[in-house]
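The structure follows.
Letters A, B, C and D mark the chains in the order given here, with residues in each chain numbered from 1 onward.
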Amino acid sequence: MTSTSGSSTHSPVETAAVVAHGRIDVGDAVEQVQAVAERSGVELVDEPERAQLAVAVGGDGTILRTLARLLGTGVPVIGINFGFLASIAPERLDDDLTRVFAGEYRTIEQPTLEAQLDGKTFVAVNDVVATSSTLGRMIELGWTIAGEDLGVVSCDGMICSTPSGSTAYNLSNGGPVLVRGLDAMAITFIAPHSLDARPLVVPRGAELTVRNATPDVGAAVLADGHRSGDLAPEGALSIRLGEQRSLLATLPETTFFGRYRETFTS
Amino acid sequence: MTSTSGSSTHSPVETAAVVAHGRIDVGDAVEQVQAVAERSGVELVDEPERAQLAVAVGGDGTILRTLARLLGTGVPVIGINFGFLASIAPERLDDDLTRVFAGEYRTIEQPTLEAQLDGKTFVAVNDVVATSSTLGRMIELGWTIAGEDLGVVSCDGMICSTPSGSTAYNLSNGGPVLVRGLDAMAITFIAPHSLDARPLVVPRGAELTVRNATPDVGAAVLADGHRSGDLAPEGALSIRLGEQRSLLATLPETTFFGRYRETFTS
Amino acid sequence: MTSTSGSSTHSPVETAAVVAHGRIDVGDAVEQVQAVAERSGVELVDEPERAQLAVAVGGDGTILRTLARLLGTGVPVIGINFGFLASIAPERLDDDLTRVFAGEYRTIEQPTLEAQLDGKTFVAVNDVVATSSTLGRMIELGWTIAGEDLGVVSCDGMICSTPSGSTAYNLSNGGPVLVRGLDAMAITFIAPHSLDARPLVVPRGAELTVRNATPDVGAAVLADGHRSGDLAPEGALSIRLGEQRSLLATLPETTFFGRYRETFTS
Amino acid sequence: MTSTSGSSTHSPVETAAVVAHGRIDVGDAVEQVQAVAERSGVELVDEPERAQLAVAVGGDGTILRTLARLLGTGVPVIGINFGFLASIAPERLDDDLTRVFAGEYRTIEQPTLEAQLDGKTFVAVNDVVATSSTLGRMIELGWTIAGEDLGVVSCDGMICSTPSGSTAYNLSNGGPVLVRGLDAMAITFIAPHSLDARPLVVPRGAELTVRNATPDVGAAVLADGHRSGDLAPEGALSIRLGEQRSLLATLPETTFFGRYRETFTS
């Protein structure tokens, strides 16, 4: 598939940065990364923007934030944890990271989303979600794609996801899996009251706009799970595939379908 | 079906009460109800508990709250509005309400839910929902039915609904329609990350317990859309079909399938 | 739940019958059953109708046919195999069947379906399915429940299932799980073209009729997977919960949820 | 979106061909087409391959077969009927076809599928389906995408569809809508017994192979609803996006979302 770089051999890594935060304690893993770096002759730098490779230690949230932060820098991110995006399991950290530092990894370019809300632009690596901000209250969302009006749907919210986000919240809400290499985004409603609202997949170039048509209930807008703003009544949000692509580094043997099978099938 | 009273002719109504509140202006409809009552020789009383019939004017929320308030009193509730539970459309108010006040209606007994949370008991006519109270954060819900442990599901929440609630939020989340007359409750997860969590229908007598197994995210508990309490980490909520039944009054010609067809099919 | 006999201790079994057929070779298992019977002092008789207990060796199909054959006789059926309905796994045959023959089992009564087609009546333990008999051609099915017309649905077919059948073909088509003890049937369309056709659960007493409204495509009617007749254009099929209940014997520790969890969750 | 030709004005049509067959009587419509052609100075030729435009009169099946027949010829197809693919409704035939013959139409290029089975190659405009050829028997399908093994799924069958086919049988089975302009195919299982089989969308270049892993049940392979061959036990079928694109002609004002909204939402 076209977005995976053909080669899986790089020059040995000379500089790397560790990014670790989040709700769970990852101190041990960070120490292991430092030890492997020392043994491998890799210099650890503070700013990931100036490294050749960023090592994100934590959950999928940490990896997503690191991917988003490094958009446009050309620095790939490798994840260490149990999440779907992770490439290295903690118990194999020593062996696998040694291989990666020796240049044995490949880089996967994946589409991102670019959203506009209240004059601000923001990006998302996995998904942008507009969701009722009042517990127990539905919202009415008007939507258009490529300028065509598609009506109004009563729902809890709407998810617009990239291929990498398609196996996350999109899938939980009945959306399809977009296989790596597809240059498209999926649009899936959350708990639609209209029985005929079905997931759609739209190609690059088609912009989605979402309007909050509820007179008295606000909506929150989340990018990769973090609140980016509010969609007040009559407010509008637009989303399209962005110019930039995220760079996920993986072990050469890690494949999309392998991860999918491990995660979702018994 | 057994829960519908066979007869659809009652004695003429002598006392009625109007219940009207909510977010929408219903002043005109209330005045019409008063005029019809006067013409029909029906005395309007203030406390619905002491009337023969309660007339709920507003959305489904108003009808639900009136049904819940009158549980155990034997006073049936007739709804005037556009919601699924309503029996009389506003534009037919004069004719239809005159018929109802003349005794031309029937009463439908429907199961309710009884829930326990933190030592408090509350009832619901439509549904009890446990849902993450933090935007963008999933929760882990452990569940048991009739004492048997069914594991833990990562999700946004869980819905337990009566037959009357089955066409509301339950349906939006992929749950089945429970036809009038069924003495059962449906259990449906909201956005489950586990692909094998499917809606279940359980008979009277089987109690559901739900435990918040998330260390750091609280859940809110809603009964008929109103917040009834919180499910803190490790907190537990139990739900079963209750002893009391709600009493919905409808025009004799209104049927479950007729309402279903009008609302959901084109 | 009410349909499970409270006690799980019976008198020791004196007479049993082995029912074994189907597509797979079960000769070894049958020999083991015979050996256990001999050791346990159980007389094996040829006609299961005259035994105290029938031992069905084979897939779920074998167990279903044995349950159907023995309806009304009071003879429970215990299944030996890997299917969902089975109680005894082949590798535990010796130990578990010895316990059963000693009286250590319980009997579960479950609703059946009674169907009428072209003047013939037949029963099903799991499900009755009406399905297009021409590959690649949809059919139009008109349906009514309890005498009310519900319109016409373009689809591949329709499934009406008992609680025991709800975890089989019904579940594969998006229908709900009906928990043991529920006296109801589920109605689920197969590949409906109408986006608003949703699974329904109906109580005992509500009859379903299905009419083939396709001018030029016939439908086949299957009971528990076996062809029972044809639904020619304009032909009608009626289905309701039957008077008879099937009798499934299980080990005392086997529960519905236990089987469900083992089969469907990872 | 890239696959729609920008311009919607063509030179007036000089030669056209009428293709009409199928199960329904279309004699009147054909006569109308001939009358409009005469008035518009359009010569009707017998072989659509030699015309500038083919007018397909009939159901979606007729339009699909005409699209498939004309692959590679550069001759676009305009449909007259009630199907989803049709551009002209019969009651507007005179006016709309006169406009089309005057050059007022646009041509939409859409991806096709290329399949290989038993050494034969065939194409499909909408979908290729592999489905159990024995009523009431599931099949086991092994599948790989881009050479990666994805395991075996127990099901009634599998659908591989183009964007134009995504609103047909794919949608009835829970698959996503692929919006016009997407260069991808959707893979959706029919009645999967595995609860974790979800629809996938794969980009051009990723080949799907399907293997019948059932020892004793054959599968039929249908292209656009017509039987193209059989998938015997252990037989394999491969499907990928084809080199050729179908050419659907529509009125300039007909849009994908317009058709979708008319057909699927109320």
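Here are a few things to note about the model shown:
Rule of thumb we're sticking to: a contact is a pair of C-beta atoms (placed from the backbone, for glycine too) under 8 Å apart; a residue touches a chain by one contact, two chains touch by 3 or more.
Every value quoted in this text rests on a predicted model; they were computed, and no experiment measured them.
More inter-chain C-beta contacts link the pair A-D than the other of A-C and A-D.
Among the other chains, the CA centroid farthest from that of chain A is the one of C.
Because chain A and chain B carry the same sequence, their contact can be compared by residue number, and over half of the numbers here are used by both. The distance from the centre of chain A to the centre of chain D, each centre being the mean of the chain's C-alpha atoms, comes to 33 Å. Taking each chain's centre as the mean of its C-alpha atoms, chain A lies 45 Å from chain C. Annotation: 39 Å between the Cα-based centres of chain A and chain B. Residue numbers of chain C whose C-beta contacts span two or more other chains: 171, 174, 195-196, 198, 264, 266. Viewed as a contact network, the protein chains are fully connected, with every chain touching every other.
Contact residues on chain D toward chain A in their complex (touch as defined above): 1-2, 145-146, 148, 150-151, 171, 174-179, 181-184, 186, 194, 196, 198-203, 205-206, 255, 257-258, 260-261, 264-266. On the chain C side of its complex with chain A, the touching residues are 195-196, 198, 266.
Those residues of chain D whose C-beta lies close enough to touch chain C in the complex are 23, 129, 131, 133, 135-137, 155-156, 169, 171-174, 190-193, 195, 216, 220, 222, 225-227, 264.
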